[in-house]
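Please read through the structure below; I'll follow up with questions.
Lettered A, B, C and D in written order, each chain numbered from 1.
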Amino acid sequence: MGHRLVLTSFGESHGGCVGALLTGCPAGLEISESDIQPMLDKRRPGQSSITTQRKETDRVEILTGTYRGKTTGAPIAMTIRNSDQRSSDYDDLKHVPRPGHSDYPAGIRYGGHNDPRGGGIFSGRLTATQVMAGAIARKLLDRCMGIRIASYTVSIGGVDAHIDGMPSEDSIYGNDVRCPDTEAAADMRDEIVRARGSGDTLGGTIQSVALGVPPGLGEPIYNSLESDLAAAAFSIPSVKGVEFGSGFAGARSRGSTNNDPYTIQDGTVRTTSNNSGGILGGLSTGMDVTMRVAFKPASSIAISQRSVDTRTMSGTTLRVRGRHDPCVVPRAPPVVDAMMAMVMADHAILLGMIGPVIL
Amino acid sequence: MGHRLVLTSFGESHGGCVGALLTGCPAGLEISESDIQPMLDKRRPGQSSITTQRKETDRVEILTGTYRGKTTGAPIAMTIRNSDQRSSDYDDLKHVPRPGHSDYPAGIRYGGHNDPRGGGIFSGRLTATQVMAGAIARKLLDRCMGIRIASYTVSIGGVDAHIDGMPSEDSIYGNDVRCPDTEAAADMRDEIVRARGSGDTLGGTIQSVALGVPPGLGEPIYNSLESDLAAAAFSIPSVKGVEFGSGFAGARSRGSTNNDPYTIQDGTVRTTSNNSGGILGGLSTGMDVTMRVAFKPASSIAISQRSVDTRTMSGTTLRVRGRHDPCVVPRAPPVVDAMMAMVMADHAILLGMIGPVIL
Amino acid sequence: MGHRLVLTSFGESHGGCVGALLTGCPAGLEISESDIQPMLDKRRPGQSSITTQRKETDRVEILTGTYRGKTTGAPIAMTIRNSDQRSSDYDDLKHVPRPGHSDYPAGIRYGGHNDPRGGGIFSGRLTATQVMAGAIARKLLDRCMGIRIASYTVSIGGVDAHIDGMPSEDSIYGNDVRCPDTEAAADMRDEIVRARGSGDTLGGTIQSVALGVPPGLGEPIYNSLESDLAAAAFSIPSVKGVEFGSGFAGARSRGSTNNDPYTIQDGTVRTTSNNSGGILGGLSTGMDVTMRVAFKPASSIAISQRSVDTRTMSGTTLRVRGRHDPCVVPRAPPVVDAMMAMVMADHAILLGMIGPVIL
Amino acid sequence: MGHRLVLTSFGESHGGCVGALLTGCPAGLEISESDIQPMLDKRRPGQSSITTQRKETDRVEILTGTYRGKTTGAPIAMTIRNSDQRSSDYDDLKHVPRPGHSDYPAGIRYGGHNDPRGGGIFSGRLTATQVMAGAIARKLLDRCMGIRIASYTVSIGGVDAHIDGMPSEDSIYGNDVRCPDTEAAADMRDEIVRARGSGDTLGGTIQSVALGVPPGLGEPIYNSLESDLAAAAFSIPSVKGVEFGSGFAGARSRGSTNNDPYTIQDGTVRTTSNNSGGILGGLSTGMDVTMRVAFKPASSIAISQRSVDTRTMSGTTLRVRGRHDPCVVPRAPPVVDAMMAMVMADHAILLGMIGPVIL
C-alpha cells in the first residue's frame, strides 16, 4: 500500500516471522526499536483477561534502512519472530473451512497451497506489521508536520461511547477496551465477558482522528484521501465498514444541516461543524480528519458451527479450537492508527510537504 | 484507478469536454457507442422533475482503441463534449467557498489555479467518465464470466426500501428514484419534492450487487476486493460511507449470528446467509458481492449559507445559484455500478480469468 | 510512463486521432498550444526532401487541464486529429507480416484484433504524443529548475559527427538531419539520398543532453535515472540501444581512465571528465546527463522482401507500399528530447524539487 | 521492479543483512534454498584468483512465503546475513567521494544520512538479492513455459569472444570469466591479471539470451519488453549500456540487411536472422530474446585518484582501500540472468501465460 511511502507486509501467522518492508521513508529520521515497540505492545494479545491468552512477545527487530540511529532513505525491513505456535490446532481445518474466515476462498485462490495455519497471510497477526510501519509514519508526521493521530473504541456490541473532543492517549489506553468514555468502557468490558462466557464474540467500531492536518492534502478523485484511507482500513482483517464525518447518518440528513459553514477562527478558515470528517473533494479541509471503522465480531467462536467437508462435499460441523479473542476491537486502535498515519504521511510526501531528507 | 484495467478520468465540468481513458482492456470485445450511451442516459440529468433541469446531452464518442467494432487492446479514449455551460454562475465563488464543496481545499491544493467553474475536475459531472468505462467493464464481465451487476437506491433521506433478492433492471429503472421497492420509491420521491420545496437537498444509500462472481477473486490484504471497491466508491463525489454485507450493523451483532455457515447447494459450496457481503479475507466467496454506499445530501442548496471571503478573511453569506439536483442519489446507480464493474473486471484480468484476447 | 508525471499515449496511426494524457503536472504553469506546436513541427514529416512526403499537419489541441492559460493540476488531454490516411495501403498486410515491423507479434498478442493500419498503436506516429507531453515537461524544467535539454543526431549510417560542448538549438535545427556538425550533416544527407535511391533505409544515433541538473536527482537501484531514461528511450519505436556517458566504449577502458576525478570549480564539486554521463548509482552527479540512443534503419523499405503468408503458412514476398522515411533519425531529436524531459521532470517532482503549484 | 512479480531489494553492504522481497509469485511452485543457493554461489566472490578475496558465504534463508516446500502465493522474503565486514575501510570516505562511486550524489540525495559503508544500498552486494529473486523467476519460466535463459561474458577489456548458438551452462561456468569461447576466456583472464597487477580494473559486456519465448509477450510502447529489460539491466550497478539484437551496430546498417525476413520452419513462423533480438514493437517475436549489457570498469581501483574534500571544498587525493574486484564481469552473468528472468516471468504473469496457481 502507498504511493511513495510503500508498505509491504509479509510473513504468516505460524511461519518463521512476520515482517514489514517500508520503502520511501525520508532519510534522517531518528528511529529505533524503542519507537515501534510501544505501539506493538498496545496491539499485543495477552494483556488483559478480555483478550486472547496466547503469548506473543512481538519483539520488533529493524534489519535494514537505518544507520547510527537514523533512517538512511533505503528500504526499512522489520520483523517479529513468531513463537508460541500450536499449529496442530489447524490441521483438521484444511478441508472444513471455518465460517467467517478466509479458509474457503483462499483455498480456491491459491489452489490449496496457502498456509492454513492460523490463516497464514490472512491472519490478524499481520496487523503487527502494519503497526510497525505506522509507528514510523506517526513519527514522521509528528516530527515534520505536527500532525497527531488518535484512534479509540467508540462501540462494542451494543454499547456506544459518548466522546467530545480529542481524547488523550492516557484516556484511551487507561482501560482494557481502549475507550475514553470510562462509563461506556466498563459496560463494553462486561459485554465482552458475557459474550466470552457463551463462547461467542463481539464486534465494534473504532474512530480515528488526525489533528493538525493542513488544508489541501490529498488528490482528486481516484487517490483521494478518502479512497486511500478506506482502502487502508479495509486492509485490516474483520473491517466491514468505513465512514468519514457524518457518514451513513449524514446520508439521512439534509444539506442545510450536513454542510459545514465556514468561519474565521484565529485568522484561519475553519468550519463550525465537521460533518465532512475533514475531507471535501478528497482533500483535507484543515479540520480534524475523522474516520470510523466497523469491525465484525471475530469469526473464531467456541460454539459448534455448520460447515462442509470439501473432500466429500457434504455438510458437517466444526468447533474452532485454539485461544482466540472474544473481541478484537480492544487490540485494533493501534492498527487503525497505523493505517491513518501511513496514508497521511504518504500524501504529505506526495505533495512535497515532507521532503526526501529530514532536516 | 485499477491495476491492469486502468481508468483515468479527465476534463472539467465547464471545460471543452470530459473524458475517460481506459487502458488494459482485452482485445476483441465488441464495443461501440451504443453499448455505452444507455448507461450514460441513466445517469444524465434532466430526465425527471426531481433531478436538475440542466440539459446535458452527454453524447459519448469513442476516439481510439477500437477497429471494425471491436477493441484492439490499445487504450480506449472516450469523450463527451460539454454544452449548456453557464460559467458566470461561478464567477463570484472564487473567494467565497461553497460549504460542502471542494472549493476551499482545492483552492489551497492548487494555489488558486484550479478551474472553479462547476467544481472543475471535482465536479459530479466527472462521474459520466466513470460510467463510460464501467459500461465496457460490465460488458467484459458479462461476456467472459457471466457476472452481472445491479445497483439501486435503498434509502433516500429517512425512507428505507425493503428489497429481497436481486432486483431486475426494469424494477430499478422503472421509477425516478431507481428503487425497486415501488412503495418506498413513491415515498422517496415525495421526500425529494418536499426538500426541494424548501431549497434543501437529501442524501441516501445505494446498494450494488455483483452476481455470478466465482470464489477466490481478489488479493490478500492491500489490494483486497474490499479495499479496491471502497477506494473506487470513495472516488465518487459525495460518498461518505461504504460497507459490505452486514457492515456497521454487523459490528453490533455476535459472531454466532454474523458468521455465514457453509452448506452444499447443487453440488457447490455456498453459505446460508451472506453477512460477509460475499467477501472474506479480501477474496470473493462465490456468494453475491454486496456493497452499500452512503451519499451525503448534495452540497448545492438554494438556502443562504454562512461562508467566508478569503480575500478579507471575514465572514459572509452566500446563496449557491445555478440549477442543481435536490438529491443526486437517483442519478448515482449507474455510477456505483460502473465502479463495481471496473474493480471486478480488473481483478478478473489480474488473475487471468479474463485473458488479453476475447475469443 | 512516469511515477508522478504520468504520460499515457493513445490513438492509432490511421484512427481518428492520436493523443497524450498527462497527469501529475503541477498547477500554475503557463501552457498553450503555442508551447507545444513548435516541438511537434520539428518532428513533423514532409519538411524536407529526405523525410516522408506524407502530409501530417499535426495540429495539437489541448482539451482539458488548463484554465485561463495555465495548468490547473488536473489531467491534461491533448490530441492531434489524423488526416491524409491511405488505409488501403495496409489492407494486404494483415496476413503477410512486414519484416522489422510489429505486425507479426502484435497479431499474436492481440489475436488479430489490433488495428493493422500503419502499425496502429505501434506506429511511429505515436511519438507525436510523446513530443506533446515532452514540450510541457521541458517548460516545467526550464521554468522551475533552469534545466535545458538538447538532442541531436550524432551518426547516420556510417557517418559520425564530431561535436564538442552543448550545441545550440539553431545549430541543431539548422540542417535537415539535425546534426550540429555541419560537415558531417552534409555527408549524412548524401548518404540518406543514396539509400533512398536504392529503396533502402538507414539508422543512426541521437545524443540527448540535460544541462543544469542538480546533483542527487534519481532513485537508487530500480527507479534509477538510468533505468527510467532507458525505459523511456526504448518506448520510442526503432530504438535498439541506449548508453550513458562512455557506455559501450567505456566497457573497453580501464577504471583509471573511465573514473571521473572530482575537482572544485567555481566553488562547486565537478568532475574533470564525464564518462559517467552525469549519473552514478542511478543519481545525477551535477554534470550534464548524457544519453545516446541507437535507432535501427527504418523497416519500411521499398525493396521486395521475404515474408510468409500466415493463412497458408508458406513463404511469399512483399513490397511495402506507402510513403516512408528513408531515415527516421532526422525526425527523432524532438522525441528523444521529450523522453529525457519527461523523466527529469518526473524525478524532480518525486523529490519535491518541483512542487504541486508553480509560484 | 516488476508489474505483477515485484521485487524489492533491501539491506546494505555492511548492515545486518541484504534481502529480497518477492511478491506476486504464483502458488504451488516447489522452491527451497537449494534452488537459489547454486545461483548465488555463481555470483559469490572469492571463487577464483581474479575476483575479490573478500569472503562472503552468502547463505540464503527463505523467511516467508513457502509452506511444505511450495510457494503459497504470499510474499517471499529472503535474506542473506552479512559477514566479514571491515567497515573501518570506509570511515575516511565520508567527505572524500570515491570517483565512479555513488558517494557524492548519494550524500546529496540523502543529506548525508546514507550508510557510507561499502556503498550501502548502492553496493554491488545488493545484486545478490536480484539473484535470489531471479532463481525463482527462472524456475517459474522453466516449469511453466519451458523458457531457458543463459547469460555469459562476450567481452572483457579489449578481448571479444566469438560465440555461435546458445552455449551450455557447463561451457559458461567452465572457466573463471564465464565465457564459452575458451580461447577468448584465457585472454580475458590474462588481461584481468595484468590490470590487477597495475592496480587497475576492467569492464566488459555480457550477453543474455532467453530461449523458448513464445511470440506476443510484452506490452506496446511504455512497458515494452525492451523498456522493462533495459530498466532491469540498468538497475545493476556499473551497467552503462544496453542493446538488443544488432543494437548500436545495427544503427550503422541498412534496412535491407537489418530487417529479419520471415520464413516457415517446422510449421512455425520464424525469421532467418535475428537482428531484432527477438523483439519487435516491444513484443517477443518467438525468436531468442537477446540483450547485451555493458559494464564499466569497476570504480574501486588501487591507484591514487583525484578527489575533493567536501568539508574544505578543496582538492585532495584518495586511494581506495579494501579488497575489490579487478573486474566485476565474471561475477555478473547470474545477475543479468536474474534480471532477464524476472522481466520475462513478470510479463508471462501479466498476460496470464503463467496463472496464479501452478498445477
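As a convention for this text, a residue touches a chain if its C-beta (ideal position, glycine included) is under 8 Å from a C-beta of that chain, and two chains touch if they have at least 3 such contacts.
Fair warning: this is a prediction, and the values are worked out from it, not measured in the lab.
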item	value
Graph distance between subunit A and subunit D, where chains that touch are linked	1
Interface with more contacting C-beta pairs, comparing B-C to A-C	B-C
Between subunit D and subunit C, distance of the C-alpha-averaged centres to the nearest whole Å	26
Inter-chain centre distance, subunit B versus subunit C - centres from mean C-alpha coordinates, in Å	39
Length of the line joining the C-alpha centres of subunit A and subunit C, rounded to whole Å	46
Contacts with 2+ other chains: residues of subunit A	8-9, 74, 109, 121, 220, 356
Partner subunit C, residues of subunit D touching it in the complex	1, 7-9, 97, 99-102, 104-106, 108-109, 119, 121-122, 126, 155, 157-158, 195, 199-205, 214-218, 220-222, 224, 226-228, 230-235, 237, 239-248, 250-256, 258-264, 267, 269, 271-272, 275-277, 280-286, 294-301, 303, 305-308, 310, 313-315
Of all residues in subunit D, those that touch subunit B in their complex	4, 74, 220, 350-352, 355-356
Residues on subunit A engaged by subunit D in the complex (per definition of touch)	8-12, 15-19, 21, 23, 27-28, 63-65, 67, 70-77, 79, 109-111, 113-115, 117, 120-121, 356-359
